[in-house]
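Listed next: structures, encoded as structure tokens.
Shared between the two complexes below is chain A, which pairs with chain B and chain C, respectively.
So, the complex of A and B:
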């Protein structure tokens, strides 16, 4: 034992030394470092989770964005086609209305013209009859007696009445 | 060339001998405590370089412990095992620092004999003058062999802590004690069944073997570490004595590796034995 230098008091001293070292290292080295390591691990896990969530949210957002855009496009298309149809309808209506009005105006004009025409022919007829009578009178006065005059005049008036006017 | 298996006594406080290995142990311990305090003071979420190093080391040790002993129990025994590793590795490496083992002083034989004699008196309390005479004879022959028969012997001021059997025995005793402690703590009185089982003679015999193996663990722990480190120091001394330049370099590298491996082996064995002791057999 002496040759190996074993001395119980030194063994005890070494044990005490080791226990002190153990306690101090535990307090000053292991606990704080383990705490930091654990915290970092926890934080890393949290960040990972957050990352995943953010990715999911982003995907969802892009999806909904796409949906909105397509929806908007659809609606826009709908509105455009509707307005086209509406415009077409209105155009047609307007045209119809215009035609109708035109028709009415034309009919009115036509009837007015017809009436005028009739009036005119009536006047012409009357005037021409008067003129004929006057001419006849003049002619009669020169070559016929009064009786003949009268029979011829009546004949002429009858003939005139027979003539139809166009 | 002077090689001594036992650590040399430098001086005494009362009857308490301060050996060079104890001095080195205290210095290493103080430096480790200083390191711990410095790290503790500057601990932050964004680690400094020193803290990163400590985090890597402690993270690796914790991983190892948790792998073998399970997450919860691993955490419990981690401080003990990590302290084993850190103390042993730095103790091993401290013996490789230039000056450790080579800086020292010469003492006359008579002074040395007086110191050693009182040591042995302390160790075994021989009161006979005969005994002390015979011991001084041994010492004289020893020093005569190792120190060219000069009247002075060389005493290094520092010596690697693990190149002293007292240190390694202390560590082995702590380790084996803690193995029994955790065995009792987790299994209770069932733990004793492993050693004292009288149901049949075979189990009884195995129990005796188990008991013996527990004691042999003290010896194997202590001598494995001591043997490796002391042999390394002897090897370095011999190489440096034969070829002082360049030739010792690869051996120093080798000893750095051995120092690491022995620290790891001590820690791993303690870890495995503790986790084995906490598993009930049936």
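So, the complex of A and C:
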């Protein structure tokens, strides 16, 4: 080995130096760096976990929101349907009421028309009777001669025989 | 007591006799009968005695007919 120019003591010394350097590096460089890297890794993991958590919560919230909205929509639809039914019911009741009132008015009018008709017929009858009697009187005044008058007088005297004031 | 007999024409004696006889029967004996003519009664007789009226006129009969026709 000495013939090759290689000195064993130097090699050993370099090996020792290397080991010492390694040890020193390990203690003063590698360890802190590894520690830092570890810490970073941990933090990254924590952050990822937090993100996942947040994402989960967000999804849950969104889902919950969706459910709330869906529920609210269902309620609103229910209310609208009930309102429509109620409105229809009220409309029908109003219609019925209106028809009843119309019927009452119609009956009242019919009754009044009937009464007016009766009154009119009564008046026509009265006027006709009056006219008939007036005409009869006129005809009698103009056409009854003395013989007829005598005959009427005799009839009246006969009727007098039936009269009694008690 | 005054009694008035209304007719369209003058009563003859027979008719007067009959009327007076009947009036005595109906109203009593002491009657003071007067006779008047009124063509408005149309025919027959109307007898007025105090507040009583015996209406046997044609005009009255026509009024009764009028009432009957109205009903």
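Here is the rule we use: the second predicted complex is superposed on the first by the 109 of 166 C-alpha atoms of A that agree within 3 Å, B and C clash if a C-alpha of one lies under 4 Å from a C-alpha of the other, contacts with A are read in each partner's own complex, and residues count from 1 in each chain.
The rule is short, and it goes like this: a contact is a pair of C-beta atoms (placed from the backbone, for glycine too) under 8 Å apart; a residue touches a chain by one contact, two chains touch by 3 or more.
Only a predicted model underlies this, so the values are computations on that prediction, with no experimental measurement involved.
Novice: Looking at the overlay, does A:128 come into contact with chain B only (first), chain C only (second), both, or neither?
Specialist: Touch status of A:128: second partner only.
Novice: By the touch definition at the top of the document, which applies to A:55: first (chain B), second (chain C), both, or neither?
Specialist: Neither partner.
Novice: Just to be sure I read the superposition right, which of the two partners does A:98 touch: chain B = first, chain C = second, or both, or neither?
Specialist: Neither: A:98 stays clear of chain B and chain C.
Novice: Please indicate which partner A:9 is in contact with in the superposed arrangement: first for chain B, second for chain C, both, or neither.
Specialist: After superposition on chain A, A:9 lies in contact with chain B alone.
Novice: Of the partners chain B and chain C, which touch A:156 in the superposed model: first, second, both, neither?
Specialist: After superposing on A, A:156 lies in contact with chain C but is clear of chain B.
Novice: Would you mind listing the overlap between the chain B footprint and the chain C footprint on chain A?
Specialist: Residues common to the chain A contacts of chain C and of chain B do not exist here, since the sets are disjoint.
Novice: With touch defined as at the start, can you tell me which chain B residues reach chain A in the complex?
Specialist: Its residues touching chain A are 4-7, 16-17, 19, 22, 25-26, 29, 32-33, 35-37, 39-40, 43-45, 47, 51, 54-55, 58-59, 62, 78-80, 82-83, 86-87, 119-120, 122-124, 135, 138, 161, 164-167, 169-171, 173-174.
Novice: Within the complex, which stretch of chain A touches chain B?
Specialist: 1-15, 17-22, 24-30, 32-34, 36-37, 39-40
Novice: Show which residues of chain C lie in contact with chain A when the two form their complex.
Specialist: 7-9, 11, 15, 18-19, 22-23, 26-27, 39, 42-45, 47, 52, 54, 56-59, 62-63, 65-67, 69-70
Novice: Sort out for me which residues of chain A touch chain C in the complex.
Specialist: 122, 125-126, 128-130, 132-133, 136-137, 140-141, 144, 146, 148-150, 152-157, 159-161, 163-165
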